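Sending over a structure as structure tokens; questions will come in a sec.
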Amino acid sequence: MGKDIREDIAWAQINKDVLKSLESPRKLYWVILFIALAMIGVAVGCEIYQYTGGMGVSNKNNSHVWGLYIATFIFWIGMSHSGTLLSAILHLMHADWRKPIYRFAEAMTTFSLMTAGLFVLVHLGRLWQVYYVMPYPNERWVWPNFQSPLVWDMFAIATYLSSSVLFLYVGMIPDLAICRDNIHAGWRKKLYTVMSLGWEGTDRQWRNFRITYLTIACFLIPLAVSVHSIVASDFAMSNMPGWHVTSFPPYFVAGALYSGCAAIITLFIILRYVFRFEEYMTLPIMKKLVRLTFAIAMVWTYLNLIEFASVWYGHDQTAKDQLIFKATGPYAPFFWAMIFFGSILPLMLAFKRIQTHLPILLVVSILLNVGMWLERWMIIAPSFAHGHYPWTWDHDQWPSLVQWGIVFGSFGWFTLLFMVFCKVFPSVSMYEVKEMVYHRSLALKHKPAVKGDY
Amino acid sequence: MIENSFNRRGFLKVLGWGGATVALSGCGNTSVEDGKEFVTSYVQTADYIIPSIGTYFNSTCAQCNAGCGIMGRVREGRVLKLEGNPKSPINNGKMCGLGQAGVQAHYNPDRIREPLLRTGDKGEAITWEKALALINEKVGGVKAENVAFLTGGVSGHVKALLKNYLDALGSGHHYVYEAVAPSIMRAANKKAYGVEMPRLHLDKAKVIVSFGADFLGAWISPVHFSQQYARFRKADKGERGVLVQVESKMTLTGANADRWLAIRPGTEGILALGLINALAAAGVSVPGDVVGAVKEYTVDRVSKDTGVSAEHIGKLAALLKERSPSLIIAGSAVEGYAHGSQNATAIALLNQVLGNVGKTVEAPSSVPFPQMAPTAGNRFALQALNDNMAQDKVKVLFSYGANPVFTAPASMKLKENLKKVPFKVVFAHYMDETAVEADLVLPLNSALEDWATAMPEYIAEGAQLSIQQPLMEKLYPGTLGMGDILLALLKQRRPEEYKGYEDFYSYLRSAMVSIKGALGGANEDDDTFWDTALSRGVVKLVGAPVNISSNASAKGLVVPAPFVEDSAYPLHLIPAVSASMRDGRNANEPWLQESPDPLTTIVWDSWVEMHPKTAAKLGIVEGDIVEVASRSGAIKAQVYVFTGIHPDVISMPLGYGHEAMGRYAKGVGVNAFKILDPIFDKETGELAMHETRVKVSKAGQRVVIVKDEGPAGGNQMGRKIAVRMSSSKVNLSEEV
Amino acid sequence: MSITNLLENWSDFRQQHPSEDRPHREYKWAMSIDLDACTGCNACSVACYAENNLPVVGKEKFAHGHSHHWIRIERYWDNDGREFADQGAQFLPMLCQQCESAPCETVCPVGATNHTADGLNSQVYNRCVGSRYCNANCPYKARYFNWYDYPTTDNVWPEPMNQQLNPDVTVRGKGVMEKCTFCVQRLTVAKSNARSEGRSVLDGEVQTACQQVCPTGAISFGNLVDPSAKVGKQWKQQQVDLNKDKQAKDVTESAAKLRGYRILEELRTYPSVMYLEQLRESAI
């Protein structure tokens, strides 16, 4: 196994390489940006149509009151967990291989949360009254219903989003200072000056910074776990067969980490190419990441089997009928695709040659996320199709193009936010990579080549 | 208690904001200020009219001929909802879905709003004066015998005026036509009981065997029968009545039967005779001649002919013997054949043998004012008219309360014959298929804005005159009531006699007041009598009792053997009369279109009911579009497969397939009337509705049927949802 | 309402349903439906359209499952492979069961559906944001969503059909959940009349639209608190207890002759609608 990173990269070289990503990415960057914008256009068109026409155009109905929006909402919430995993959990565990890749993972957290939030709006029948969900003082003393898991969702996601943004920002302050010092004019100079909060790299600043960063990391971990547990409560707290499952919270958290890790692999490969980060996003790091993903995939598989087993051996005939329906009814192809993509396909990741084979990994990681998206859909749709009340079963409902268009566009929205971020802010943490290089070189009893102005 | 301290300060805040908003929105002219709308003052109104409080007025439902009393909720000058009139002995405050939709007939956006005269291919709006003058001119230009008046069932003062008008013309022909009336049964009843419409006391019976009578759905007076049915099921003594339904296609009543027996079409009479034979064998006293006549109807033979198992025949005979009185009803499935009269007579004979006549089958009262007594329509009337039209004997045709172009089978070529009539006047609510063919279309008031009286044909006891009074102002100034039109036409002919009546209302009032003694108001002054009558909605009539006779005899009673196989047209078509669509006159009321058919739960379309066996044989699955072809034509519809139908039979609902009429009816489903074969009952000459033989072939397409039931169909999937238990386990008399 | 009030009356605000120790004070509206009397004629459903301004959605939208029938007639067959449906059908009018412990109430994020002091499960259209969680959690699927804007863009009530609309009932726009209210507009009037006369609503004084129209009188409706009410007597005679999830019929053999049951009771929704089992004669 090779080295996670070369110990002899000069610090100035790190600055140079990373700062270059703010200026001249490969052409592919612009292609991606354009595609993302086009995808957003599709979604905006669909949403306007849905807003004016009514929710009915999405082809939901009184049996299928929820559809792809909620499924995709959970998907994006799930994606967000990887950032926290890499930056907070691995930070506390002193796994320093995370350092070159945690920044973009954190950005992913923030942006996937922002994408998920949009689905709440898209889903509501009367989105112009979404503020009713928030507790705000009013003359009539009308509050939201604190019993409702959706209100918990609202709090959890709002907290998670604000904390994630804070975590991302705080962790970026030293790098923003580097940017500020390397750019001499223009809007970027102003932006970095303001955002770096007068960072000078003094000893006191570093101490405070470390404590703050650690505190937020500690705060974020239970928060991340609780957020997806709460999203799981949307289902687990209800009485629908197929939803009313006690193991849903850990199952959702595992699924979230799983899809997040898969997404990091995807973005790792793309960023590495687009921004020429070959020196930092190295194959050994990828290998570790892939192994982590494999482990989480197995945890997810285990929890999935537990869910099935507890339903199968339980006394709830309705839930059992539901499970059988899922596996044999009209949703069976999607259900088995989910099992294949989620549990069988990751077995490939156990092979060493694949662990560093980027083209295969790109495809596999995307397919894993397809599987995870299917998982969310397979939680929602079959339960609506085949619930408690046979008279209102509806096995034929199929989401309209409006739903698909908005789901499709959400990927564009995420990509746009992410790509713009990578172009404006350093997507590899310069100071932490320097730390990493320094520690590695110390370990090799080499004197690092201290150069540059830092 | 939860305190609610919406204090003065809060109130002022709200007032401030609210006031400002009102002030802002007040800018600019409203439609009232622009003179487009008028403000109606509530300063000077009757003291029972209070804004925002509904007031109820009694009237009579005109959605079908049952004549239920209704009570319209009127608020701010609009009728909002109909309830049953509790004072009406027909429906006792209850209603059916069809009746509920009466408001949609009234507020229907497709109503005709002014008289229309055809000039070439175009319709032109004209004034009533012009229209009535034109009628006068046309009627004056032909001989009286060349004037024909086609109506649906009529009664009350409109009928009296109509007769007067025809008399005034000389002797115009009055054809009373109802497409789905039980006219063969009437004739058979007349023979058997001496009365056309005996009173059936379902509530007194312990067992009812109904041969295809959908008395809970669309047969004669369903709301009345439904109430009797409820008492039959839950008798005061706690003995639950048993309902056995024998028919080839399940009706709503069949779906509520304790035992539904699928019978080969047309063999109902055979089963009735077989039951008599079985009863005689079981020791029930049966007259000798009857025993002789039925002795060849052994259980084995009857079972073979009818397809009803010997076990069920035996059980049924035992049940009838054991529990008395019973009631045997002959419905439309019995009379729909060329031997319909014989079938009905056989069933009347069964009633007689069981001793039900006089117990559960009773005589109606006679009606004191025969000029207002209901004239029941039949199908023969249309054939007679059609023949006359074909022979150019009709020069001026009036059509009221009927839509013959829609309901006539294609084989009658009615539309073509209609073209031979030089001047056709259609009184209509909608531009229906007949109105489209007319030369002059006269728009009628809706039933909720019109004056009329009706004398229901079927009422449990005595007789009554139901009053139909307007529940609100006319929606359109250009419509007129039938009574008003007839009065105007009469004034053309007999001005002296009718000049004292300003309008139909004044005629009706004076006509009623003049006979107030007979209407129970002998001791009241005119105003009190009239007001009481209006507020009650019904006036009881004292009718003389009529004797019912047990004349049914086995003499000359021949029930033909079951149908022979017809390899070209192997299946029987049963045109189903559904509770909401009936003959299609109410098809433009969207509540009815969206109200699922009780058995199939299908909405907004026609369908072909088919037994799974038949479907399997033809390789058909649910949703297949099939072509149903008879000797008289072919139509296409979707197939619904279920076990409530005999394998030799398919069924299609009537009332769908309008080509005109309005936005909700037009183009919905197909018209099953069109393919009925011209086969007639041998005794009455009535069109035998169930005689048509058809073949079914796949048309290639398949659709998803639009219906309320889901993929589970009628399966509860092991959940405890609709639960059933054996009646022997329950003591109903203990129940509240 | 103030913070002090909120704190002082906290227990009132968090009253649980059902609760033996806190019985309903003046009213508890309940229903019983006799399935042996119900003929499946659909009159109740049409009456509900008339009373409650339900939109007719048309064939295409009906096909997509967008229908609005607050009371729907379900029709079940014996599915044991018999050649003919020779015991007829089982009709079941299904409407909002006005559960005492309603699954829809707890999940609504904005509290648009909640329990009234009369034991109704109310739906506040103005407050509804259209998350549809209530429907998702309703085991009976008795809630209907306004998938389209029926009064305006869909023009379900073209002139002059709109004049039929009941002014006592809101015409719902798009994005709002709705369901059977037990004709709350009628209850309100009856209660207000009774209050002005210083009494409670008498049995039979108020009828729901479906009850009023039902030709066989299969539906009884009334106040369970009122000892003279028919519906209460029926519940009592059938030994159906509002606050239990298992009734005498399910436990005691001697109660097997009773007909009363509540649908999906085992989910502990404590419905306010009792059904009486359909009967079939065994002699034929």
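Each chain carries a letter (A, B and C) given by its place in the written order, and its residues are counted from 1.
Throughout what follows, a contact is a pair of C-beta atoms (placed from the backbone, for glycine too) under 8 Å apart; a residue touches a chain by one contact, two chains touch by 3 or more.
These numbers come from a predicted model, not from an experiment.
Enquirer: Moving only to chains each one touches, count the minimum steps from chain B until you reach chain C.
Expert: When the steps are counted carefully, the minimum from chain B to chain C is 1.
Enquirer: In terms of CA centres, which chain lies closest to the overall middle?
Expert: Centre-most chain by C-alpha means: C.
Enquirer: State the pair with the higher C-beta contact count; candidates are A-B and A-C.
Expert: Of A-B and A-C, more C-beta pairs in contact link A-C.
Enquirer: Compute the distance, rounded to whole Å, between the mean C-alpha positions of chain B and chain C.
Expert: So the centre of chain B lies 31 Å away from the centre of chain C.
Enquirer: List the centre-to-centre spacing of chain A and chain B in whole Å, with centres computed as mean CA coordinates.
Expert: Distance between chain centres, rounded to whole Å: 65 Å.
Enquirer: For chain A and chain C, let me know how many angstrom lie between their CA-based centres, rounded off.
Expert: Chain centres of chain A and chain C, defined by C-alpha means, are spaced 43 Å apart.
Enquirer: Using the touch rule from the top of the page, what residues of chain B touch 2 or more other chains?
Expert: Expected reply: 704, 709, 715-716, 719, 721.
Enquirer: Going by the touch rule set out above, which residues of chain C reach two or more other chains?
Expert: Where chain C meets two or more other chains at a single residue, that happens at 1, 67, 72, 74, 264.
Enquirer: Show the residues in chain A shared as contacts by 2 or more other chains, in ascending order.
Expert: Expected reply: 63, 388-389, 391-392, 394.
Enquirer: Residue numbers of chain C touching chain A in their complex, please.
Expert: Residues in contact with chain A: 1, 6, 61, 64-67, 72, 74, 94, 103, 106-111, 114, 127-133, 135-137, 139-141, 143-149, 153, 174-177, 264, 267.
Enquirer: Using the touch rule from the top, collect the residues of chain A that touch chain C in their complex.
Expert: 52-56, 59-66, 123-127, 129-130, 132-133, 140-145, 147-151, 154, 234, 237-240, 384, 387-389, 391-392, 394, 397
Enquirer: Which residues, counting only chain B, touch chain C once they are in their complex?
Expert: Against chain C, the touching part of chain B is residues 1-6, 52, 75-76, 78-84, 91, 93-101, 103-104, 106-109, 216-217, 222-223, 226-227, 229-230, 233-234, 240, 242, 244-245, 250, 252-262, 312, 315-316, 318-319, 475, 579-580, 590-596, 598-599, 601, 603-605, 613, 642-644, 668, 704, 706, 708-709, 713-716, 719-731, 734-736.
Enquirer: So in the complex, which bits of chain C are touching chain B?
Expert: Checking each residue of chain C against chain B gives 1-2, 5, 9, 12-13, 34-37, 39-43, 45-47, 49-51, 56-59, 62-63, 67, 69, 72-77, 79, 82-92, 158-161, 163-167, 209, 212-218, 230, 233-234, 237-238, 256-257, 259, 261, 263-264, 275-284.
Enquirer: If you look only at chain A, which of its residues touch chain B in the complex?
Expert: Those residues of chain A that touch chain B are 63, 139, 317-318, 321, 388-396.
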